[in-house]
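In the two complexes below, chain A is the common chain; its partner is chain B in one and chain C in the other.
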Partner chain A sequence: MSLKNALAPFGIWARALARPYTIPVEDIMRAPADRYRGWHTNDAEACIGCGSCSDICQNAAIDMVVNRDATKGDTGLRPMVDYGRCCWCALCVDVCPSGSLGLSSEYTWVDKDPEVFRYVPGVDKKPWDDDTKGWHGGEWDLINHDRVPMSMLPGETRGQTWAEVVLGYSEEEAQREAARCLECGICTAACPAHMHIPEYIGAIRDGNYEQAVNLIYETNPMPEMCGKVCTRRCEDVCAHAKQGEPVAIRWLKRFATERFDDLREVIKADVAPIGVGKRVAVIGGGPSGITVAYYLAIRGFEVNLYEALPTLGGATFFGIPKYRFPMPSLEKQVDMLRGAGVKLHVNSPVDAALFEELRSTHDAVFIGAGLMRGKAMRVEGEDAPGVVNALTFLLEHHLRNNTDSDKVSKEPVVLPGMKVAVVGGGNTAIDAARVSLRLGASEVVISYRRRKEDMPADWEEIEDAEHENIQIDVQAIPLRIEQTPDGRLDLIWGPAEMVADKPGARPKPVLVEGVENHLVVDRIIGAIGQGPNLRWLSPEAQGTIADKWGWIKVNEDGMTGMPGVFAGGDLVNETADAISAIADGLRVVQGIPRWLGLQ
Partner chain B sequence: MNEFVQEIQARFEVLWSNPQRPDLMQIGVRQVNALPLLTWLKSNTGYFILNHFSAVDWIEDGEFQLTYLLTDYAARRSLMVCVRIDRAAPTAESVHHLWPEAVTYEQEMFEMFGISFPGSPRQGVDLLLEGWEDIPPMRRDFDTAAFAEEAFGFRPGRTHTNPRDRVAIAFGQKGFLHDH
Partner chain C sequence: MTIENPHVEKETQLWVGPQHPGVTGNMAIQVWLTGDTIQRGITHVGYLHRGFEKLMERRKFIQSFPIVCRICVPEPDTNEYLLAASIEELGGITIPEKAVWLRTLVLEMSRLASLVQQIGGGAGATGLGAVPNWTYTLRDYILDSFEELTGGRVYHMYMVYGGVRRDLPVGFAERMEATLRKIEERLPYIDKVTFQSSVWRERTQGVGLTDPAWVKEMGISGPAIRAMGFARDVRRDFPYLAYPELDFSVITSTGGDIYARMEIRRHEVVESIKIIRQVLQKMPKDGPVAAPIPNVFTWRIPTGQTYVRAEASRGEMGYYTVTDGSDKVRRVHVRGASYVHGFAMAERMFEGLNIADLHPTLVSIPTCPPEMER
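Up next, the complex of A and B:
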């Protein structure tokens, strides 16, 4: 090595005090463009864990990882991004149905550890989490927020007919609506029966209708009923509902079942005949009883079903009007029970003696007797002639029109030309109002204590009623009912003021004192709820299975405090809708074989 | 810009026109008319700048669309000329003699879509995809996700939970038509 080479490295010291050639990065670093696509941000509380970001990612850069418990409306998963594969295309942002995912404008991040470039945005805190610049979507979306509209009879004229209001999707419409489904499955958590919703919607989209109805029958023996009148909690939590209209899950189920006039040849059960030689009695032919009877019958049980009315269906027969759920739809599902070998005993009310006999002659008894007592309005004067309970009104109406029952008067309570007031805000109130209209009432008014947005009725039912020119008076508290000299009824009500209640609860109506309004009508229908009535049982049996109000408590198998006696439906659950009753039935379908040691 | 479309219509058949913005008109013409129209536009009108030139894969129609974006800088407006060509035999006349910069666009479209422009100088010369053997990657029947899966390894330790499965397990989803 020459001396020159050996000394060369020290030459740099000659520039030790000179200005550097290099420029500090801060001096030239420019802010990125406003819509620069950098590291992800995610509002972890708004995210629902649907996985659409992971599905659309063409580079397979996004995993869904467990972050919290799954709840109704949240899978509890959150996206984790592997920046070794991300190309910052932002398809994940544009497809995000909750709008929670975004890209910040921050793009520099240096680290020696490659593992840090895989993180869960919004959960693993980053300096750019609150960056409002970057790309946060919203200018266009890759998902279609609008559902395919449903054809209906026009509101002005349909009040004069009993024809079904909803006309159903065409095949093309159904497939188009089914194609909107993101297949995240969030809906299945909210469905009390946890139906296989994305699976059957996928089958409808692909035109596999037999497969669709078979998937539906996995958990629901009354799908045409649910397809028409379900309370569809599934749609409330649909990922699309965050920024648009939920997938029309109910109408798609309806479409699939209506493809078949007779489902007996279509539904293919494949279950072991574990119940051969065992007998089960079912009391009540509503959704819970039908569920227990159908799924136990296909397992070889001998099932005797007792129904007090001339027709099965329970509240879906006597409560739900036929313009929503026509008789042929109901009969189609009853045919499935017959096909499964269930012995149907209609016009067969069960009393205390028969109950004891059923207990001794059957291996298990199921009670799904429903809520057969309409609650009183508890206002002075409600025993005046012309004031009726909605439950009685609807029951008598449906028996008169759809059966040959001789237990009801030939003449309806509501006659043509009458003005009718309905007190209440649930689906029963809407049903009573719309039935009154179809009986010829000249004017129908629904009077409700709270605001319209507080009404428990389905929003579509409320809209449908309004389209039929039914008037809805809100924040109206009934005070008393008086008879007018000309034989009419005066519903005297006071205005309500909405007062905030405890967090999470609806605001409660408080009467504004000193104001009295008059609503003069010919008939008043009270529709403020239903309660249990177990008086057909002996007092001892009532005391064993129910509390003092008549509500039945059951264990995780659906069994009451009386061994071998199971229960479900509105007598047991608080939600009092058909799909919850079906879910109760499914619990008992597992519970009875377990109790009998058949599994 | 509608009068201008009528002026074009007087010379060449315009299949459709769509005023996207006040300063941007889209027109569709037959492939046979494309080169004469572009030559006329460059020689006789303000639209003599080829601002952009690209393709769209209309796989459902069995066609590619060539899109020539011409700009009249003096008038500050643009004309998008759209030409559908057969996807099964994707060949179009080169415009590199009108606009030298078209060479790179045509080279790119050959590589990314497999559309050939006979006579264009750098046809078949690799631009980005050195040693590419698969179908051209911008064709919509190219499976990007499958390619990414094959070509790039996964970082160890990655796990993915299907949202549908998580809900089904958490809420005890069952089926009652079949024994499981």
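Up next, the complex of A and C:
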């Protein structure tokens, strides 16, 4: 052992004069790193209470607790974090679909009371609530917000064909899209029929298509229709929609039902035959009537369904164009009714006398007659030839092309080469415009009084119409219609400016006085809404079940003021879409057995 | 318990641990002594058992990340990497180039933090208080860098399937360089009290010997095998991440004693610093840090199995992972170097050891109990 080695340790005495190596306390209390993962923050207003944070937390540190009333798209729950369990991994932040959850960069928090270390971030106020440092979503997300794109016919050519525009997902695409679902179930609450959405999407993801359609059929007897044309409130509230594109719930339902050519072989209705020996009459073969008829029939009821038109489907038959919902799809659903044993009476309008007969010969009667009266535009010159109502236009068009009805003329209203104006901004307006285009109209203009973002029509429908070169004039208030000397129509309209209305309501269009614009066309189609028409009932019956405008009021079982007479669909439900009608039907499916004392 | 031993008349039984004076203390050694010489010893673990492997079988793939880092406190990132790499292999995910380099950086930073900590631990176990003070401070500087990069100091949870969670913060390389210099500046002083000190040499040379014959029998790796003259290093023998593109040496020594193992660590600190500098220099400046992965709530991985390995500061660490088509792993077997070193090898090393040399020997291996009872 050398002397050098013996003395070496003393070399560190040099450090006695150096600055202390340990860190002074003020350095320890330095600011945390920008992305330090500290105590939670949450934007309680942006949070939708989906519970993804709670699901991903492997420590079960997050409980969803009631914080406010549930609304569509918000469960009213908010995450409560227990810091006895939290390990600050921030997976909750990385999967937060609304981007509301974050971790502040706050290092320390000392308190004598252990209870305070369980709090609801964003609701229980903390000093670090507004800390922009720390770990927040947005920079990098663990979940994929991009939807698998749907293949469609190209916009340029599809104006010349009645073929279905949407081509549907392939199996691989459907499974990939289904795999995006976070299974939060916020959609189920928003769906009027409360369909088992996460469950059937999970079945599609796993390739269990039979299970998927069976889950779908538990709450919806027209899933192929809903899979193609549903107004899909579910997608509006999908957790993915907060920062990206919602799961394509509608297209997935479509995919599942289209897997099977004949659903009768697949659907296993497993319900008790409680209605054997009971008779129910259903008036109207639209979504609500089909729902009531199907679910009562599989429960053993004898169901007679009366439809005025030659074909079932109601508005989904005569209102929705076939490039969106083709006849074979509709027939597939009608076949299910036949398979369930429903007696179908088509071309059978019900009048006051038949109604009374049905009441006396059946244990219950359901009215789902829909809105068969198109609203007038209430502008001067509306009765000029060439001005038609969209409802009449679509009804006649579909009867002419899809049935052998002799009640309509063979001559279409819109002829090739014509220029057409459609007044309105709902789905009916878009449908009328796109049908006109396919009838050969050279130019189609939609004229709407509010802004494009205010249009009640489905945003995809609006996009599709624009891809087909349909022009959309917005903030245009129709003033009057004049006939031009050469036999054309002049739609005179004034520009509107948008004025703020009550909080929560859409801004109102207010006419800018003194300006008149001219739109010279060959046909004007008014598509500004539909109303009820109960004139087929006796005045007494009308007075008992409906208000003076013809809207029917029902109780929580769907029963009208007339005992044993139930109602649903657009006559009852002002939302006037198919899935709400189906939901009404489901209510009556529960209500009729209850009223008959069968449950 | 009565111990049959024909060679001695009186034998003392002693439990060393489980208390927690460092990485050797959260397990227990039961030793039988004659005088102050250990006749034999048995390693007892279980005091830290949390059932990591079993927990992973009940969690969705992503939920295992916050668990695996706890398998080794001083060096959590190796576990993160091995879990990520094995699931990515089975699930068919390729990580972007930038993530490859960031993962290499983090792995090497955690090796460095662990190595300096072990040097301090080794010196501390021989009674030198100043060195652990220095090295734990140095480790804390590295933890500062971890905090800046990953958002966490001790448990980083930085790697996920598909890559890493965040890019380098602005100015990170300069601040990392400052820390590396602090470590380099300190090394000569550490040398003076340990490797150059005749007292310390006396204490560590020829003590805690390993036998090269054990290598094949037990599967020894890391500094323990390199201290017997075998140049084995997973980073060199089974290259992964960006290691093939990096210039570094595999340090060996021939003593097979405490001194040799500590000396290897001392030189590996230098190599590690070299690697970190290269990584920061060669890393692509742009590009994504993570590839998209399937929905973490519903991700299912087809049936498959794989063994992925990496060089931790203690030796070869590996994950043998089996998936069965479900959304959870069927089995993960965590192969930690400490398992071999702490049971088979340590128990042989105890024989004939002076009781005072027990801790320096254990620290020099070293063992990491959570890794043994995962």
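FYI, the second predicted complex is superposed on the first by the 565 of 599 C-alpha atoms of A that agree within 3 Å, B and C clash if a C-alpha of one lies under 4 Å from a C-alpha of the other, contacts with A are read in each partner's own complex, and residues count from 1 in each chain.
Basically, contacts are C-beta pairs under 8 Å (C-beta built on N, C-alpha and C of every residue); 3 or more make two chains touch, one makes a residue touch a chain.
Everything quoted here is computed from the prediction, not taken from an experiment.
Enquirer: With both complexes overlaid on chain A, does A:589 touch chain B (first), chain C (second), both or neither?
Expert: A:589 sits against chain B, while chain C stays out of touch.
Enquirer: For A:295, using the defined touch cut-off, is the partner it touches chain B, chain C, both, or neither? Pick first, second, both or neither.
Expert: first
Enquirer: Could you say whether A:183 touches chain B, chain C, both of them, or neither, answering first, second, both or neither?
Expert: Touch status of A:183: both partners.
Enquirer: Give one of first, second, both or neither to describe whether A:327 is in contact with chain B, with chain C, with both, or with none.
Expert: In the superposed model, A:327 contacts neither chain B nor chain C.
Enquirer: Just chain B (first), just chain C (second), both, or neither: which does A:59 touch?
Expert: After superposing on A, A:59 lies in contact with both chain B and chain C.
Enquirer: Does the superposition put A:598 against chain B (first), chain C (second), both, or neither?
Expert: In the superposition, A:598 touches no partner, neither chain B nor chain C.
Enquirer: For A:346, select first, second, both or neither according to whether it touches chain B, chain C, the two together, or no partner.
Expert: neither
Enquirer: Would you mind listing the overlap between the chain B footprint and the chain C footprint on chain A?
Expert: Comparing the two interfaces on chain A, one with chain B and one with chain C, the shared residues are 58-59, 183.
Enquirer: Once bound in the complex, which stretches of chain B touch chain A?
Expert: 144-145, 148-149, 152, 154-155, 158-168, 170-179
Enquirer: In their shared complex, at which residues does chain C touch chain A?
Expert: Listed in rising order, the residues of chain C that touch chain A are 59-60, 62-67, 130, 133-134, 137, 140, 144, 147-148, 150-152, 155, 157, 160, 165-166, 169, 189, 191-193, 196-202, 289-290, 292-299.
Enquirer: Can you check the complex and tell me which residues of chain A touch chain B?
Expert: For this pair, the touching residues of chain A are 49-51, 54, 57-60, 63-66, 69-70, 75-77, 82, 84-85, 114, 118, 183-186, 188-189, 194, 196, 198, 214, 217-219, 267-272, 295, 298, 586, 589-590.
Enquirer: In the complex, go through chain A and note every residue touching chain C.
Expert: 1-2, 4-6, 8-9, 11-12, 15, 21-23, 32-37, 52, 55-56, 58-59, 87-91, 94-95, 103, 134-135, 139-140, 142-144, 179-183, 202, 205
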